[in-house]
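Labels run A, B, C, D and E following the written order; every chain starts at residue 1.
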Amino acid sequence: MSRIGVFVCHCGENISRTVDVEKVAEAARGLLGVAHACDYKYMCSDPGQALLKKAVAEHRLDGVVVAACSPRMHEKTFRKATEQAGLNPFLCEMANIREHCSWVHEDRDEATAKAIDIVHMLVERVKRNRKLQPISVPVTKTSLVIGGGIAGIQAALDIADAGHRVVLVEREPSIGGHMAQLSETFPTLDCSQCIMTPKMVDVANHPNITLHTYSEVEEVDGYIGNFQVKIRKKARSVDMARCTGCGVCMAKCPQKKIPNSFDRDLGMRPAIYVPFPQAVPNVPVIDRVNCTWFKSGKCGVCQKVCGPGAVDYAQQDEFVVEQVGAIVVATGFNLYDISEKPKGSPIKGYGEFGHGKIPDVIDGMTFERLASASGPTGGKILRPSDGREPKQVVFVQCVGSRAREKGISYCSKICCMYTAKHTMLYKHKVHDGQAYVFFMDARTPGKGYDEFWRRSIEQEEAVYIRGMVSRLYQKGDKIVVMGSDIAVGIQVEIEADLVVLATAVQPRQGAELLAQKLGISYDQYNFYSEAHAKLRPVECATAGIYLAGACQGPKDIPDTVSQASAAAAKVMTLFAKDQLEREPIVAKVNERFCVGCFACKKVCAYGAIEEKEIRDRQGNLVKVVAYVNPGVCGGCGTCQATCPSKSVELDGYTDEQILAMIETL
Amino acid sequence: MTATATTTKHDFEPKLVAFVCTWCTYAGADLAGTSRMQYPSNVRVVKFPCTGRIDPVFILRAFQKGADGVLVSGCHPGDCHYMAGNFHARRRFAAFRQLLDFVGVDLKRLQFSWVSAAEGGKWVEVVTELTERVREMGPMREFIDLDASEHWSAELADAELKAAYHSL
Amino acid sequence: MTAQKHVLDYSYYPGCSLHASAKEYDESTQGLFKALHIGLTEVPDWLCCGATPAHNVDELLSLSLCAKNLELAKGVEGDLAVACAACFSRLKTTQHKLEIDPEKRRQVEFAIDAPFADGKKVKHLLEILARDFGLERLAEAVKKPLSDLKVACYYGCLLTRPPEVPELDCIEAPTIMEKVIEAAGAQTVSWSHRLECCGANFTLSRPGVVLKLSADILASARDAGADCIMVACPLCHGNLDIRQQEIEEATGEHFGLPVFYMTQLLALAVGVRESKLGLDSMIVNPLPLLKKKGLV
Amino acid sequence: MTQGQQTESTPLVDPACYAAATAAIRAEAVRLLEAGEVTAVVGYRAGRRAGSAMPEVATTAEAAAQLIFTPGCQNNLALFLSKAKREALPKGKVAVVVKGCDLRALAGLIGESQLKRDEVHVIGVACPGVYGAGADLAKPLAAESLARKCRECKVHLPEGTDVVAGTLPPLPDLAPLEAEELARLEAMTPQERWAFWTEQFARCIRCLACRQVCPFCFCTQCLCDRNRPQAVDTSPRPAGNTAWHIVRAMHLAGRCAGCAECERVCPMDIPLNLLNRKMAQELFELYGFETTMQPQEQGALTSYRDGDDQSFIK
Amino acid sequence: MAKTLSLDNLHRLVDALLQEGVRVVGPKRTGTLTVYAPLTRGEELELNELPRRSAKETFFPPCETILSFEKRDGRTTVSDPDLDRLPETVLIGVRPCDAAAPGILDAVFSWDYDDPFFLERRKRTTIIGIACTSSDDACFCTAVGLTPDARQGSDLFLVPVEGGGFAVEALDAKGSALKERHAALFTAGGNTVPLPLAEPKVEPLDLEKIRAWLDGNFEHPLWKEIADRCAGCGACAFLCPACHCFDIVDEGGEGSGCRRKHWDACGFGKFTMHASAHNPRDVQPQRYRNRIMHKFKYYRDKFGQTLCTGCGRCIRWCPVGIDIKAVLDEINKKS
C-alpha cells in the first residue's frame, strides 16, 4: 500500500475563498493509500515547504500531492522540496485547484467537490509514478560548424575563443562566403573585405579551429553530445602542407580565360587558382574540369614551376571522421536565378525579363562585384556587354521575393537596403548617372536603416518608382524597362543602360540534402526550421544542432552575426558540463514485447527511434526492436499512442498513470 | 472578466473529462484561471505532454468509466511544442471519431479543439458549450448499461438484485 | 484520289472569326491538316465562345457558352482542336474554373441543362502540330522549305494565358511557334514584342491605344530584321494586318510586313496550292515577298 | 444440417480454372523445393471433408505435389509470415501462395518491417473467389456461397508477385452486399447502430479467432491481454467485448488489408469486416489512403499532411 | 408407459414452465445463427439446427463473477455471490452430444473440490434431451461411443416420431417430476414410430487403443505436423461441450472490484503461462497435444471418461481446418 501525503494549500485566500480546503484534506485522508493529509496557508512558503519535508519523514511518505496552484507555477518548487525530503522528485505531483478550480468557479460546494476529485486523480497518479533519474549524456566538447561565411566564421571564433575545439567545414576553396564578395556594407558603407578578412585570418590561425576547406559533410550519425561526422575533403590537387602560397603556378598557368564565379563570371582566372587574393587558406586549387592536364594529360606547367613540389595531380578525395558534440549549420544562401527552370520546379524563372539572357540585366551580387575595388573592373561601374559606363541604371526590387506566382511568397529582407546602397555607390562612381528603383514598398527596420534609405533618395537622387516591372527587352544597346508607377497610375518605360535585379534570397542549392543528413527539418522553400519561431530561434528541433545565418531565412549581416553568436552561446552552454542532463520524460521500449513494426519510428518527429538488433549469446539475430535514444527523444509520447502493443512507454505519462486517473471518474 | 456565472442547480450534472496537452490547452486553462473567467465545474482535466500522446483507448475508457462527455484539446496546427504530435493526433482522432460514430456513440459527447496558451477565453467557451450540450443530452447510459450487463448464463435472475444493480 | 487514312483525328471548333474576318485562317488550316492527313470534324451547331465581351460582363454567361460548346463537342470524336487564341483561352479557362469550383459548375450545368463534359481535351493547333503530330513528322512533310524567310513569331497575349490554366508553353518566354515554323525551314528572329498586347478589343473603342501598341509591335519586328509576322490569333491579325496602313500613316513609319497565320505559312511549305491559302484576303500584300523568296 | 436437399445453384465459374491454378501452384512449388530455392511452400491442401482445405507447410516435393487451390482455400496465408506464426516455418526463404487480398496483407507486413520482400517467394493465384463462412463446401461455388468480400473484390489478379498461378475466368457482376450493409448501418441513427452492435458484441465469446487469424495482429503482447494496466477488460462480458472490438478496429485502421478473415472465422457470425471496411472507407475519403498490393512506406495513421481535414476540431 | 408430446404441446410446456418462473433455456434463433438462450415463448424453440455453441454455458458461463471486494475506511469487504439466487432451469431440446457433456464434467468439478458454481447449477437444472435426426460430415458421436439417440445426461428424453411430435421417456426422478407436473400435455398413444436417426458416416474408434498410443507418444512428430497450422484461437475449446478450462482474473481498481472466472482455451499462447513468464507449453503443437491428451488420455486415466462427445463443432469452426476426427483416425491407424 502506498503512503501518499496530500498537502492542500489555501494560497492565502485564493483557494480557500471558494474551496473548503479542510474538507478537501479530510476527503484526501479517506482515499486509499493516503497516509497523511493536511492544509496550510501558503504551501510554497518556507514554513509550508518545511511542513512537507517534515511530513515526508514523519509519515514515511512515498509520494506527495500538493493541491495548490498550476504545476506550471510551482511544480519545480515542490519537486525540489520533495527531493530535499529524501524522495525522488518525480514522486511529487501538483493538483491544480487554483487556476483550474477556485479561480474559475464561484459555487463553494461545486468547487470543493471538484477540488476533491482533482486531488483524487493526482493521488492515483502519484501512486504509480516511478522514480525517475535525470538522463545524462556525455558531451564531446568539439563543435562542427558547417559553412565558412560570416555566420560560420563568427560562430567558430566564438566557440573557439571559449576554449572549445571547432571543426569548420567549407565547400569552397576559401572561407569568406558571400560577405567576401560584397563591396561595401549598409548602413555604414564600410568596406566588406576590410572587416571580413581579419576574421578569416583569425580562423586560419586559431589554435582551436580545424579548418576543412574545399570539403563537404558526407554523413552525420549520432545525437546531441555525440555526433560522428564524416567529411569529404575534395582533392585540391595541391598539397596544403607544402604550398607556400607564392602564386607562381597561377601566374604561369597557360589556361587563363576561365570565368571566375567569385566575380560572377565577369573576371577571368587560371585553371589553378585561389578564388580571390585574400583567400583563406591561401592555397590554390586546380579546377580539374578546365585544366589542360586533366583534360588531355599534357601541360603540367604548374607542377614544373612549383618550387616546393606541392602540385599533386594524383591527389584523391579524402575522408575525415570527426567526433563532435554540437553542430552549427551556417550554409547561407543563393540568389534566385531568373533563367528558365526545369519542369516540375516550383520556381518559374522570369521569361518577361528574358530568362537571364540579356547581358546587361544583372543581379545585385554582380553589381557588388562591379562596385568592389578588388572586383573585375577595379571598382568601376561598367556594363558587362560592352564595358561602357551606364548612365541610366534601373534597379528592380522584389524579383522573386513576395512573388507567389513565381513560387516564393516571402520577403528577402536585405534587398531594400542593398539596393539603396547600390544607388549610392553608383552615384558616387558615376556622378552624372541616374538611378531608378522600381519597388513595392521599402522595408527598412534596423538601426540607421531608414535614414540610410532616405539618404539614397534625398542626397543621392535615386528616383524611386512605386510599381512593378512587367517586361525587359533589349532595344539596340538599351534595355527597355516597362513598368507601372502606381503612385501616378501610369505605365512607365525607361530606356536603361543597365538593369540590376534584386533577386530573392534562397537557401543554398541542395540545402534539403544536408538537412536529411543532419535529420533537421526545413520549410517548403528549404530554409532550415528553428525549433520555435520566437523562443528557440537558433536551435533546431533536433537536439544539439543550431542554426546561424541565412540558411534559416533571409538575413542581413548584423542579424547573421547575432544569430551566429547566439548559436555559439548555445553550444557553449551545452559544453559547460561534461554530462548533459535532461528531464527524464522520455520514451522507453519494452524490448520483450516490441515486435519491430516501427510505427513509432514513422511518427517520431525527432528521429529518436533506432532499430536495435537483439542477438542471443551465440550472436544469432533474435529480432529487431525499436530503441529510443534518450538523448534525442523529445518526450511527446506520440510513439506510445501509436504503438499497438504499447511496447514503448513515455516515462511520467505511462498508461498505468493515465488509466488510474480515468478510473477515478 | 466574467463573474456572472449563474449558480442555477440542474437536475443532471454531467461528468466531463478533458484530455489536454500541457503546453497549449493546459496553459490556456491556467490563463482562464488567472483571468478569473468563470465556467461550469463539471470538467476534470488530465494533462498530457502532447495530444500526440493521447491514445484513443483513453477516450473509450473514460466513457466506460462514466464520463458523459470527453474533450480532447491541444495546440493549434503548427504550434506543437513537439513539432508534429498534434498533426498525428488529428488524423488519429479523425479516424477514431468515425469509428465511435459507426458503433453508435453520439459524437455530440466528444469534442476536439485547439486551444492555445493565449486562449483562456476559448477554453471557457469550449468547456461551457460541451457542458451545456451534454447536460441537455442527459447521462451517457450506453457504456454504463453495458458494464452492468452479463451473459444470460452468469445472471443471478432476481428482480430485487437487478433493481439494486441498476440503482448503482 | 483515294482518301488516305487519317493519322490523327480531331473535333474542330473554328470559332466566329474563322468563319468571317479570319476565313483565310480556317481555309489554310483545313488545307494544311488535309495535307498532313489529320482529320478535322467541325463541331456541329457550335456557338460563340464569348471571348472578351462576355467574360468581362457576365462570368456565368461566358462559362456557359464554353460549357455548351464543350458539351456539343462531346458528340464528335477526338480532342477538340481550336485555332483562335481567344477561343482557346476561353475554353481552357472554363474547364479550369468548373473543375475547381463545384458551385459554379452547378450553376453552369443548370444553365446549359446538361452535365458539364469532363475529359474533353482542348488543344490549340500549335499543340497538335508540335506535340501530337510532332516536329519531326512536320519537317518530313515539308515540300517547299521556307528557308529564306525571316519570320517574327507573334504570340500576343492570350495564347499562353491565363497562367493558372494548364499552359500551352512557358507563359513569359514561349518557343512553340518558333519551333513549328522552324520545322518548316523558316528562320525566326529574336525580338522583344512577341508577347505584348496588340490592343485587341480596343480596336473599336480606343483606336488610339491600338495604334500605339500595334505600332510598337510592328516596329520591333521590323527592327529585328523580320520579313513578315506570323500569328495564331485572328484578333492580332486584325490589328497588325488590317490596321497596318493606318499605323504607317499615323506614325509616318514604313513597315510593309505581311502578317501570316501560321497555318498559311505551313500550308505553303507542305505544298498546299496557293489558291487554298487565302492569301488574297490579306491586306498587306504578301505576294511580292513570297515571290522574292521564291515561294510562289 | 438437414441433408439431401440439393438446391442446385448455378456454379459461379468453370471449376477448371481452379484445377489450372492447382496445377500451376504444384509445378511452381515442386520446382522451388527441388531446386532448393525455398525451404518450404506455404499453400493449401485438401481436408478430410469434401471440399475443405487447410493451410499446409510443404517442405518436400511430394507434399508440394499435393497442394491445391479450390474455393475452399479461404485462409489468408500471409498469416504464416507474420512473426507470430513464423516459428512454424523452417529457416530460410519460403514461398507462399496468396490471393490478391492476401497479397495486400503481405505487402502490409513488409511495410511494417515484419518481413522483407526478398525473404519470400510469392506465388500469386488468380482467384475467382472462395466460399464464405458456413457455406456447404460439398457443393460447387455459387453466388450464394461466395464469400461476401469476394463479391466486391478488386484484386482477383495479384500484381507484383514472383509468379501468378492460373488465369482469371470472366466473372459475373454481383450485388455489393457488404457495401449495402455498410450503407444500411450508416443510414441508421447512432442509437440504432449502438443497438445493432451491442447485440453483435454480446454474442462474442472472446475466442479471439478474429485476432489469431489476422496477419496484422502480430503483437506478442496484445493490449487486450494486459491486465496491468488494464485498458480493455479481458473477460468476455458485453462491456469488455465492445471495447475489444473497438480497439481492434482502431489498431487495424489504415493497416487492414481487407481479407475479412476475422469475419469468416468468427464462430458467432459477428460482421467484423464492416468495422474494418468502415475505417478503410473513412481513411480513403479523408486522406486518399488505400492498402495496396505493393508495400507502402507510410501508413494512413503514421503520417500526416499539414492540410489534413480538421473540420471536426473547434 | 409410452407417452407422446406434440410439437404444440412442447411449446406449451415451455410456456407453462416460464409461467412458473422457471428459466427455460433452449436452442433459439438469433440473427444468422442458433444458440442456447433463455426462451421467452415456446415457439422460439428451434430444433432443426445444432446450436453453434454447446449447452455447457448453462452450467459453466463464459464469464461469471465469483466474488467482489471493496476497500473502505481501512477495511476490506469481500462478498460472495448468493448462489441461492441461481434460477431453476430447464434446458430443453438438447442433442445427445450436448446432453452427455455436463455429466462427464461432474467428475472434474467435484473431484478434490466441489465447485459450487457448476454443481449448484447442475442441481437446479433439468435436461430435456432430444434424439438427433440430422448430421453432417463433421459429426462423429458414434465414433466416440455415443449415438444419435443416447440418453446419457438427459432427465427427460424426446424422440421425434413420424407425423411430428415426440415420444417421451423420463429417465430419472427429475424427469419424472417434470413430466408429472405437466402431465396434461403428455398424451398416451399416438404415433410412436421414430423418425430415422442421424447416421454419422464414421467408423467407431478404439478409444482405449488411442489412449495407449497417446501414453507412449508424448513426443511425436505428429503434433507438429498437425498443429503448426494452428492459429492459436479458442474457437475449438469455446464451442466444445466438454472443454472446461477456465482462468480467473481480478477486474476493477484498488478500491473495489470483482474476481471473475472465465473460459480459457489451450489454443491461447498464454494458456498455462506462469507468473514467471515461463510456459511449459510454449508452442502451438505442445498446446494442441494437450488438447488431445486431455480429452483422450488424462481424463480417461483420471475419471474413466472421454472429454469428447463427437459434436463436430471444433471441426466446423476451426479457422485453419484442423479436424480432430482426422487426427483421431491418424492415431487410430498408428496404434
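Just so it is clear, a residue touches a chain if its C-beta (ideal position, glycine included) is under 8 Å from a C-beta of that chain, and two chains touch if they have at least 3 such contacts.
Computed from a prediction, not measured in an experiment: that's the story for all the values here.
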Note to self: Applying the touch definition from the top, give me the chains sitting in contact with each of chain A and chain B.
What the structure shows: D, E
Next item on the list: Could you tell me which chains make contact with chain B and chain C both?
Entry: A
Checklist line | Chain pair with more C-beta contacts, A-D versus A-C | finding: A-D
Note to self: If I average the CA coordinates per chain, which chain comes out farthest from chain C?
What the structure shows: E
Item checked: Inter-centroid spacing, chain D versus chain C (mean Cα positions, whole Å) -> 58
Item checked: Whole-Å gap separating chain B and chain D, where each centre is the average of the chain's CA atoms -> 36
Margin query: Could you work out how far the Cα centre of chain A sits from that of chain E, in whole Å?
Written below: 70
Notebook entry, point to check: In angstrom, rounded to a whole number, how far apart do the mean CA points of chain C and chain E lie?
Noted result: 87
Note to self: Where in chain C do residues touch two or more of the other chains?
What the structure shows: none
Notebook entry, point to check: Which parts of chain D, given as residue numbers and ranges, touch two or more other chains?
Noted result: 223, 230-231, 236-237, 301-303
Checklist line | chain B: positions in contact with at least two other chains | finding: 55-56, 61, 84, 88, 92, 150-151, 154
Checklist line | Pairs of chains, among all present, that meet the touch criterion | finding: A-B, A-C, A-D, A-E, B-D, B-E, D-E
Checklist line | chain D residues touching chain B - in the complex, by the definition given at the top | finding: 185-186, 188, 190-198, 202, 223, 231-232, 236-239, 242-243, 245-247, 249-250, 253-254, 275, 278-279, 282-283, 286-287, 300-304, 306, 308-310, 312-314
Margin query: Taking the touch rule as given, give the residues of chain B at its contact with chain D in the complex, in rising order.
Written below: 55-57, 60-61, 64, 77-78, 84, 87-88, 90-107, 111-114, 126, 142-143, 146-147, 149-151, 154
Item checked: Contact footprint of chain A on chain B as seen in their complex -> 3, 5, 7, 15, 17, 22, 26-27, 29-30, 32-34, 36-39, 41, 44-50, 52-56, 58, 61-62, 65-67, 80-85, 88-89, 92, 124
Item checked: Touch list for chain D against partner chain E, complex -> 1-3, 47-50, 52-57, 75, 79, 84-85, 87-88, 134, 138, 199-200, 203, 205-209, 211-213, 225, 227, 230, 233-237, 261, 264-265, 267-269
Checklist line | Touching residues (chain side chain B, partner chain E) in the complex | finding: 150-154, 156-158, 161
